[in-house]
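Heads up, the thing below is written out as C-alpha cells.
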Amino acid sequence: MTATPQEQALPGGVPVGAATDVAAPLARSPRQLVWRRLRRDRVAMAALAFLAVLALVAVCAPLVVRVLGLTPPNEQSTTALDAFGLPTGPSGAHPFGVDNLGRDVLSRVLYGARVSLEVAVSSTVIALLLGTAVGMLAGYYGGVVDTVLSRALDVVLAFPVFLLALGMAASCSTASGCLGGVVKPGLGVVVFVIAFASWPYVGRLVRGQVLTLRRREFVEAARGLGFSDARVMFGELLPNLSGPLIVYATLIIPTNILFEAALSFLGVGVQPPDASWGSMIADAISRFDSAWWFMVFPGVALLVTVLAFNLLGDALQDALSGR
Amino acid sequence: MSAPILEVKDLCVSFETEDGVVRAVDGVSYELHRGRALGVVGESGSGKSVSSLAIMGLLRTPNVRISGSVKLNGQELVGAGEATLRAIRGKRIAMVFQDPLGSLHPLKRIGTQLVEAVKLHEPVSRTVARARALEMLKLVGISDAAGRLDAHPHELSGGMRQRVMIAMALINGPEVLFADEPTTALDVTVQAQILELVARLQRELDTAVVMITHDLGVVAELADEIAVMYAGRVVERASNEELLAHPQHPYTWGLLASIPELDGPPEERLASIAGLPPSLLALPSGCSFYPRCPHARPDHAERVPALADAGGGHLVACHLDVAERRRLWASQAAAGVPEALR
Amino acid sequence: MVLLVSLLTFLIFSVMPSADPAALRAGRAPTPALIAEIRHNLGLDKPLYVQYGRYLERLVTHFDLGYSFRNGTGVREQILRRLPATISLVLGAMVIWLAAGIAIGTVSAVRARTKLDRALMGGALVFISTPVYWLGLVALYLFASDIGVVPIFKGADSYVPLSQSPAGWFGSLLLPWLVLAATYAAIYARYVRSSLREVLAEDYVRTARAKGASERRVVVRHGLHAALTPVVTLLALDVGTLLGGVILVETVFNIPGVGRLGYDAVLHADLPMIEGMVLFGAIFVIVANLLADLAYAFLDPRVRYA
C-alpha cells in the first residue's frame, strides 16, 4: 500500500493487517481495556480534547462568531483594508487579520473548520459503508463474487487517487454537474469524489479481515447453528471488524481532510465564497510575501487538526494491539 | 581433575519491569570441564535459557541486571566490555538455538552466513572461509554440501537447517557450546539424529556442551552431568547415572514420575506435578518448590535451601535430610522409574 | 486490467458529465447548428458503445489521446513534453527522501523509546500532517531568493530545463525537492522504523549477535537487509503514482511539469486533457505495481518459490 496524504489517499502506517486480536481479559470487556490503555496516553487525550473542542466550535460556528463579535466570514469590507487597499494584519477587531477582500480571517477559519470536518466525516462514513459492504460480500462469498468485486477494487485502486479525484471533480465542475445533474459542483462533489477515492482501501482491508475471520471456528459454529448469511455477517463478522475499522477511520479522516483541502486549493473543491482552509491558502498565494497571516492561519489550522487525528489514530492503534 | 573450562558462580539475572523485579535467574552455579556435557533441565520459566543468554552477553535490554561470576578458562565475563564479549561470542563460546528456520537469515545464502561466522573472528580470505564452511557442512553430515552452500534456508528441511546451525556454531572451534532446546522444533526421528551428531562432534572436537532442554530423555542420552533448575535456581546437580538412579529432590522425582511409560498399563493416569511454577515477580520466601512439594513441612517456607553436597558430588537444595530423601525415593522407585531412562 | 482502466476513464469523462461535450467545445456563443455539427464530427450522436469502441481503437492503434479543448494540440504531445520536468522533480526528491527516511528510521528503530526516537517520530508525524503546498509556500516565504526572509534557494518560476543549464536546473529544483521529500521522508522514516524494529526482534538477528557480529553490522547487514525489502515495493508504488503528476508541488513552484498541465486543464475544464492525464497516471501506477512485484521477487528468495 502506498502512502501520502495528498497525492494519494493514505497516511503512513496504515494498518492493512490491523490487529483484531484483543484477547478477552478476565473481568473487563475488550472495549473497556482499550479505553483504559488509551487514557494513559496523555498526548492522545490532549488530541482528543482538542478535536472535541474543534468539533464543537465547528458545529456552533455561527454562534461563536457572534459571541466573539467577529464579522461573518463572507462579508467583504473595504474599511478593513488599509490606505492602499491591501489587507491588514492581526488587530483587535480582526484577531487573525483580514484577507484580500476584506473578509475576517478568523471567522473564515472557524467556518472552514466546519467544512473540513463535515466533508471529511461524511466522505469517510460513505467510504466505510460502501467499502465494508463490498469487502464483506467479497470475503464472505468468495468465488465469482469475490473475483468480480476484487477486480472492481483493483481497477479503482490502479488510478493515482488524487488525479482521479481531480478528474472526477473536473467532470462535475461544469454548471450542470454530473450524473444527470444529481451531483452539483461544490460540497456534494467533494464528498462524492473523496468517498469514491477512499472506499476501495476500506474494501480491501475488510475483505482481508473477513477472509481470515471466516476460517475461525465461531463462524462455522454460527453457520452450523443455522444462522442465515446475513445474520452471520452482521452478528458475528461485523463486531469483529469494528476494531480495525475504527482505527482505519481515525487514520483516513485526516487524509480526507487534507484531500479536501488540496482539492479546494486547486479550485475544484469548495467553491467561493464559502470558506475552506484549502481555498484560503490558495487565495493567499498572490499575497503571502507581504501579508502572511491569511496563509499561515489556515495552514496551521490544517496542520494541527490533522496532527491531532493522526496522534489519536496512532494511540488507538497502540491501545488496540495491546502495547 | 583439570580446571573447569567454564565456571559459573552465583549467577543472578533480573529484569526491572513496571510490574516489579523479575528474578529470572537466582543464584545459579555450575562447572563445566573440557569435552564434557552438562544437561540443564527445567520447565519454561525456570531460567535455563536466560542463564545461558546472560553468559553469552546476549541479553541486551536496558532493564537487565546481571551479577555473579562467569569464568571462561579463568577469564571473567560478567561485567566485561562489549568488545571482549563480542570477540568471545562465536569464537570461544557458541550457541545453537531452538528454531532453525527463524534463526537463519532468510534472505542470505547458507554459504554467506557460514563465511561470515568465520570472517568475524579470523582475517582469512573468502576462499579459505568458504572451504572451511564446506568442510563443516560435510562434518555435520549434509549431503551435497557444495550445492547447499548456495542455497537459502527455506530450501532445506528442518533437520538440515539445524545441522547448518550446528556447523555455524562449531566452525571456529569454540571451547563451549550452548545448545538451547536444539531438538524441540524437530520431528522425533530427526531429533535422535541431531543428538547423535552433537555427541559425535563433542567427542571429535573436544567441545564442552551445555544442553538446555525440558526433555529428560534428551539429557539422559547425552549428558555426563545433569543440573535440574526450578524457578531460577539449581535444585539438584549430579552425574547422569547418579541423578537418574538416585534422584534426591522432590521436583526431580516429579519430573521422572511424569514421564509416561510405553508399556505401562493403559488405564494408568498421567502423573503430573500439582500446581504451577511460581511467578518470578514474587518468589516464595523459603524453598521455592514448597507450594507444590508433597513432602513439605511448614518450616521449609522460612529459609531458602542451599545447594549442599549429599555425598559424592551429588548436590541437592532441599530441607529434607539425606536419609529421609533416600527413603522417600526408595518407596517411589518401587512404583517404577520409567524404563527408558535407566 | 488496462482495458478496465480505460473503460472506467471513459465512463468518468464521457458519461458522467451532464454537460454536453459538444457544447463545451463549441466555444463562446454556439448556435444550435454549430453544436449539432460538432456532435456529428465527434461521433457523439452514435451510441455509447460505439463511442467507446472508437476511443479504444484510437488509443491502441495510435496511442492517440485526443485533442485538448483549449488549444487544439494533441494531448499526448503535451504530456510528453512536460514529462521531463516532472521526472526531474520526482526522482530528485526520491533520492533525498530515501536517504533521509532510511537514516532517520534506522536511528529511531535502534534507539526505540528514547527521547530521540520520540522526537524524531513526533517530527515525522508533524510533517505528515502538513499540507504539502502549504509547506511549499512557507518554504518560499522563508527561503526563496526573491521574496524570502532568509534567501537561500531560488524561488518559484525559476525552473530551467536540464538541457539548457544544469546549474540553473539544479538550483531551481532544490527547494521543491526538499519540500516534496519532507513529507515522504517522514512517511518512510516511520515505515522503516516499524519494519526494522520487527526485524530486529527476529531470531536470526539474535544468531548474528551470537556469532559475534558488531551491533552496527547486525543492524545494517542483517537488519536493514530484511527490513528494506517491503520498502522497495512501497517505493515503486509511490514513485509510479507521483510520476502521474505532482500537481500540488508543481503548482506552488510553478514547475512546467505534467502536474501543472493537469491543474491548468482542470481550471479550464479541459476534459480530454484531464482524461488523458488520468489514463497516463493509471498506466504509470500499473507499471509501477508490476515493477514492485518483480523487485520483491528478486529481493526475497522465499517468494520465488510461491
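In this document, chain identifiers A, B and C correspond to the written order of the chains, with residue numbering beginning at 1 in each.
What we mean here is this: contacts are C-beta pairs under 8 Å (C-beta built on N, C-alpha and C of every residue); 3 or more make two chains touch, one makes a residue touch a chain.
Predicted, not measured: the structure shown is a model, and the values here were computed from it.
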- [ ] With chain centres defined as mean CA positions, report which chain is farthest from chain C.
- [x] B
Task: Best-connected chain pair, where connection means C-beta pairs in contact - done: A-C
Task: Mean-CA-position distance for chain B and chain A (Å) - done: 55
- [ ] Please report how many Å separate the Cα centroid of chain A from that of chain C, as a whole number.
- [x] 21
Open item on the list: Applying the document's contact rule, which stretches of chain A touch chain C when the two form their complex?
Closed with: 1-8, 11-13, 151, 154-156, 158-164, 166-181, 254, 258, 261-262, 265-268, 278, 281, 284-285, 288-289, 292, 295-296, 299, 302-303, 306-307, 310-311, 314
TODO: Mind listing the chain C positions that touch chain A in their complex?
DONE: 1, 4-5, 8-9, 12-13, 16-19, 24, 124-126, 128-134, 137-138, 140-141, 147, 183-184, 186-188, 190-191, 194, 234, 237-238, 241-242, 244-248, 251-252, 262-263, 265-267, 269, 271, 274-275, 277-278, 281-282, 284-286, 289
Task: Partner chain B, residues of chain C touching it in the complex - done: 202-204, 206-214, 222, 225-226, 229, 299-302, 305
Task: chain C-touching residues of chain B, taken from the complex the two chains share - done: 56, 58, 60, 86-91, 94-95, 97, 99, 102-108, 116-117, 120-121, 152, 154, 165, 168-169
